[in-house]
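As written, the chains take the letters A, B, C and D, and residue 1 is the first residue of each chain.
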Amino acid sequence: MNDFLAQHADILISLVKIAILLFVVLTVNAYLTWFERKVVAHIQSRWGPHRVGPHGLLQPLADGLKFLFKEDPTPAGVDKFVYYLAPLLALALALTSIAVIPFGPDPLHFKGHDIYLGIVDLNIGILALFAITALGVYGVALAGWASNSKYPLLGGLRSSAQMVSYELALTMSVVGVLLMCGSFSLRDIINTQAAGHGLFGLGGIFRWNIFAGPFPQILGFLCFFIAAIAETNRVPFDLPEAESELVAGFHTEYASFKFAMFFIAEYTSMITVSSLCSILFFGGWLSPFPGSWTFTHYLPSVLLIPFGLWVIWDGVRYETIFGKLILPGVGFVIAALGAVFVLFPAVNEFIQGPFWLLSKIFIFLFIYVWMRGTLPRFRYDQLMSFGWKLLLPVSLANVVITASAILWSNR
Amino acid sequence: MPILNYLWIIPALPLLGSAINGLFGAKWPNKIINTVAVGSTGLSFLAALEAVREFTHLAPENIPWVQQYFTWIIAGDFRAGFDLQVDQLTVVMLLVVTGVGWLIHIYSTGYMAHEGGYYRFFSYLNLFMFFMLILVLAANYVLLFVGWEGVGLSSYLLIGFYFLRKSASDAGKKAFIVNRIGDFGFMLGMFLLYKSFGTLDFVPLFAKATPLPADVMGHLGMFTIACLLLFTGACGKSAQLPLYVWLPDAMEGPTPVSALIHAATMVTAGVYVVARSHILFTHAPTAMFVVAIVGCATAFFAATIGLVQTDIKRVLAYSTVSQLGYMFLACGVAAFSAGIFHLMTHAFFKALLFLASGSVIHAMGGEQDMLKMGGLSKKIRWTYLTMLTATLAIAGFPPLAGFFSKDSILLNAYQSDRGGRILYAFGLLTALLTSFYMFRLIFLTFFGKPRYDEHKVHVHESPKSMLVPLVILAVLSIIGGWIAAPAFWGAPDYFAKFLEPVFAQGGAGNAEAAEATAHALETPLAIVAVVTALLGFAIAFWLYLRRPGKPEQLAKSMRGAYTLLLNKYYVDEIYAALIVKPLLWLSTNVLWQTVDVRGIDGTVNGIAEGMTGVGDGVRHTQSGNTRSYAVWVVIGAIVIIAIIFWPYMRPTAVGVVR
Amino acid sequence: MNAPLVVFFVLAAMCIIGAISLILQRHPIHSALSLIVVMVALAGLYLLMGAEFVAAVQIIVYGGAIMVLFVFVIMLLNAGLEERTNVSRLAGIGGIPLAIALTGFLAAAVARSQDTVQAAAQTGAVAPTKALSRLLFQDFVYPFELTSFLILVAIMGALVLAQRENR
Amino acid sequence: MVPTHYYLTLSAILFGLGVVAFIFKRNIITIFMSIELMLNAVNLAFVAFSRALNKLDGQVFVLFVIVVAAAEAAVGLGIIIMIVRNRQTLNVERVDLLKL
């Protein structure tokens, strides 16, 4: 047994990593729904989920249970195979795309194995990511087609057209970054951002691709982010599932768990896109401060401990008993984490990278939700003309300008 | 020496004028067109004069003066360049062409003033000048042939100038086709020369030819054949028997054209060529004899026809033919300088005659029939005087130009050792006829009582632009011959002297031989000639002024001869019957109906029908069913692969496949 | 039986099965899906051969664009089941043997060519994308530009064909 | 290391299957797909050779082939749409008239 483990340690390790990542991602997805509902609610000056658990914190669990135990009707005259294939495809691809994302710079040392954060580190990582995203269209399109019903079909048509056309802009907008970093591997991209020559020769945040010379990728970032939103069918590009027009678009005919799959797929791809944004343009796990400012390494704990204390205080004065019991515990855990970081410098150093990356991802997720809460939906022709006539040319221009700037800078 | 180095300017100027007028003249007023046309020719005349002036200062070893401008054709060891050459002969031709040409241009501005296509006319005329100058300046047969064909082209264009008139366009075609026959011979001649001498440039060719032995009489050597072929071409161009038929019809063109092309310059090109290649001819006595015979025959023959013609221009046309005959007679008896001399004088008085007749026609409002004229001498005095001068000149009255030239020709003919007497006799007879029909023309036109309706036609003298050239030419045709005059009182003949370097190099011994007996014969022969001329005058006077009814009686009394002459010996009809009809029959029945329709079309249609048959068979494969097409594609792919991998597919190789 | 070989056979099996199902399926969508499987498997094979870039392009362009276009058109035209008409006798009779013959020829050619190709085969190296791009943009730059023209023409052609003539 | 002729054989087989589909499918779109299948088989051969000969030209050619395939798909599908508009059928055996 042991020798088997010894032989195939790497396989085992990656299996374990996959399991952990899966768990984390799914949980995050669940709480992302809670987060979204809360934020949108507050934007619309409502309370949002508030009944299930303190601050509705258990709402995701309830939803999950509902998805699991709800009846699952299959509409008449659907193409069974494709009908079942579609959501699986969507979910599988979405989860796969997470796998190539590295979450931290330096490995954990465990029994002589270097365990990197992140499942695989392909040297064509970004290309692989795009490949997977490209296939992502099928989930939606097939779902729309297989449902054998008109609204889903329209949704499917729209989404396939939309995704194909925005994929171009998506890919093009990244080329600028690739030119500046000269590699497909996400890890290399981040590292070059650490080393690159920053704006005004400044360090830290100014070395991220968004600001760094020879040509700051602000255009590229805007194109990328917009196109990514379109790829993930989010507001304001959520025409495939436009409630007001198509009931629920391509997943109208899907119920319970198959619907959940689409749901999870969507949120997972949101996470993927956010992490891509932060990696490609915002220096991934790099800290915004110059390396010399070591005191900023205490920032995690400085944030966590007060937050934990606030949660405890809030729990103590919470109206329901349940809340009085749970919240202080959660708060204590958070504060304790902060304390640990302070006490053990090695741990603190280790978590710097993940901390920054996750916080950036969190910011982008918040932007997602924010837009969902505020922006109206495009009309279909507007969507198309925007994608083809504005986004694509701008990203192409970005490529050209960047290339010439690079040539000019190292002539 | 500027102009001699830039000889090309002389022909280039008329070409420029022609181009300008032809391209832009359509909208322009006549004044500008005149300026361009007359200006360009005038300038080239001046250039020619300057060239001659410089030529006279040339050292004799530089003569002939050859300028090579660029290589035109180069194939193997054959080179034909755009080379221009000047020697005494060229000088004479150059002066005649440019001078007379210029005068006639001036004349035309008056004559054509009220015609349509004014710019077209002058464009053609200048074009003709260009080609004619190329012809006389050319330093090799190829370039000469270019000019040769070019003048043919322009003459075709100008004869058919009133192309709306069918007769005019027919005449143009006729001229062109008849000339083709001659040109064919000319080309064969050139080929033969190139084959035997390896060059067509005059200087080296003649240099090579001179030392060679001459062909013996009556034996067809290379020289003889080449010369006969060249002479065929000359016959075509210069309207000799049997190819003269186009010239009378050519009178359909405007009168200045008849004057310039069909009297003064182009038709003399044949004579020029024979004179130019005299070295070859002197090596071919047979050919020379033929030339003499043909020339003499033509002279007499044409003169007889001229007797009865009533169309004023036709009379002149036949007279031209007969005068050309004289020139060839001269060449035939190796009196080239005499021939060229007559060429020059003839250019003067014949051009004058035509222009004057043109003036008459102008005055009569387009009437050409002499029987409808008469008594014009008072009304158009200047025309009358000038025309009278020309007539006296051509009839050979001393001391006018024609007297000297014709006289020297007759003298040389008389002296020539082969059938000289007969040639002389015919020449004399022709002279008689000539003076007769010329005076007949004068009397019919200018004397007697008017035979036209005075009220319809109001006769009027022509404008200055027409009269001035007439006067100038009249003066020329009076004094034109005097440069040869001294021969009478034993002094050397200047003209012959001038041309001697050209013709002496042929080693034409009879030139010196003539000198001896010349003086003995000179006077008596001259007297005989004058008497003949007077006789002709007397007959004409008697018939047409004293007894106006007489000619009809004569015509009645010898009707056969009269009608024969009136219909020009039925030559055209004979040609039509002997050549044209068979050709037509051949091409219609054999070439068209059999070869083309049955043979070629049959083949083509047969192929087409075969294809149709095949198509009917194969059509069924095109079922329109895409899947079947797919199968066909696959079959094709298999075939291709099989071919490519054939070496691998050989049974020997199969063993290796595992 | 080393690992690459195993992977190869798995992927090859995927390819062949996909191709066969492309033939057997009666509904265009299913055929399209089978073709997508084939393409993905091929991309895997390219990866196995170390042609990462080509593999990625294979999936992005073929999988993500071309096949999407197919699916899109199928959905747009709402294509139904394929009707098995048999108008073309030629295809009915000659089809199978011809295809087999063709495959046989090719396979035979390959088998014959193996020992020659085999020699070099051992040095099969991983293709660095940089080298590929260098080749593409230096040695093959004119063909590359020509393909861009081709694309342009194709776009215009597609527009002309697909637009409804508004009369 | 997988011997090259494995790849080549596989590509030959795929090509053959493509031909079979090309002949036996009646649906225009499917026939088109079978053409794409053949193209892919050829690409496989290209890549295999480029690996075997250790030269990248093969891969460049694959890229070109893919581009051409994309262009072809755009135009071809446009044509198919036209056909369906005019004939209301996707079955090639029903589209055997030059004009309606």
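Going forward, contacts are C-beta pairs under 8 Å (C-beta built on N, C-alpha and C of every residue); 3 or more make two chains touch, one makes a residue touch a chain.
Keep in mind the model is a prediction, meaning the values are calculated, not measured.
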Which of C-D and A-C has more C-beta contact pairs: C-D
Measuring from CA centroids, which chain ends up nearest the centre of the complete protein set? D
In whole angstrom, how far does the Cα centroid of chain A sit from the Cα centroid of chain C? 32
Per the centroid of Cα atoms for each chain, what is the distance between chain C and chain D, given in Å? 6
Averaging over Cα atoms per chain, report the distance between chain B and chain D in Å. 77
Nearest whole angstrom, what separates the Cα centre of chain A from the Cα centre of chain B? 101
Listed in rising order, chain B residues that touch 2 or more other chains are 623, 625, 627, 630-631, 634
In chain A, the residues touching two or more other chains are none
Considering chain D alone, which of its residues make contact with at least two other chains? 19, 23-24, 26, 93, 96
Complete list of chain pairs which touch one another: A-C, B-C, B-D, C-D
Quick one: in the complex, what on chain B touches chain D? 623-627, 630-631, 634
Going by the contact rule at the top, pick out the chain C residues touching chain A in the complex. 27, 29-30, 33, 36, 40, 43, 52-53, 55-56, 59-60, 63-65, 68-69, 71-72, 74-76, 129
If we count contacts the way the header does, which residues on chain B are in touch with chain C in the complex? 623, 625, 627-628, 630-631, 634-635, 637-638, 641-642, 645, 648-649, 653, 656-658
Complex contacts: residues of chain D adjacent to chain B: 19, 22-24, 26, 31, 92-93, 95-98
Chain C residues touching chain B in their complex are 87-88, 90-91, 94-95, 98-99, 101-102, 105-106, 108-109, 111-113
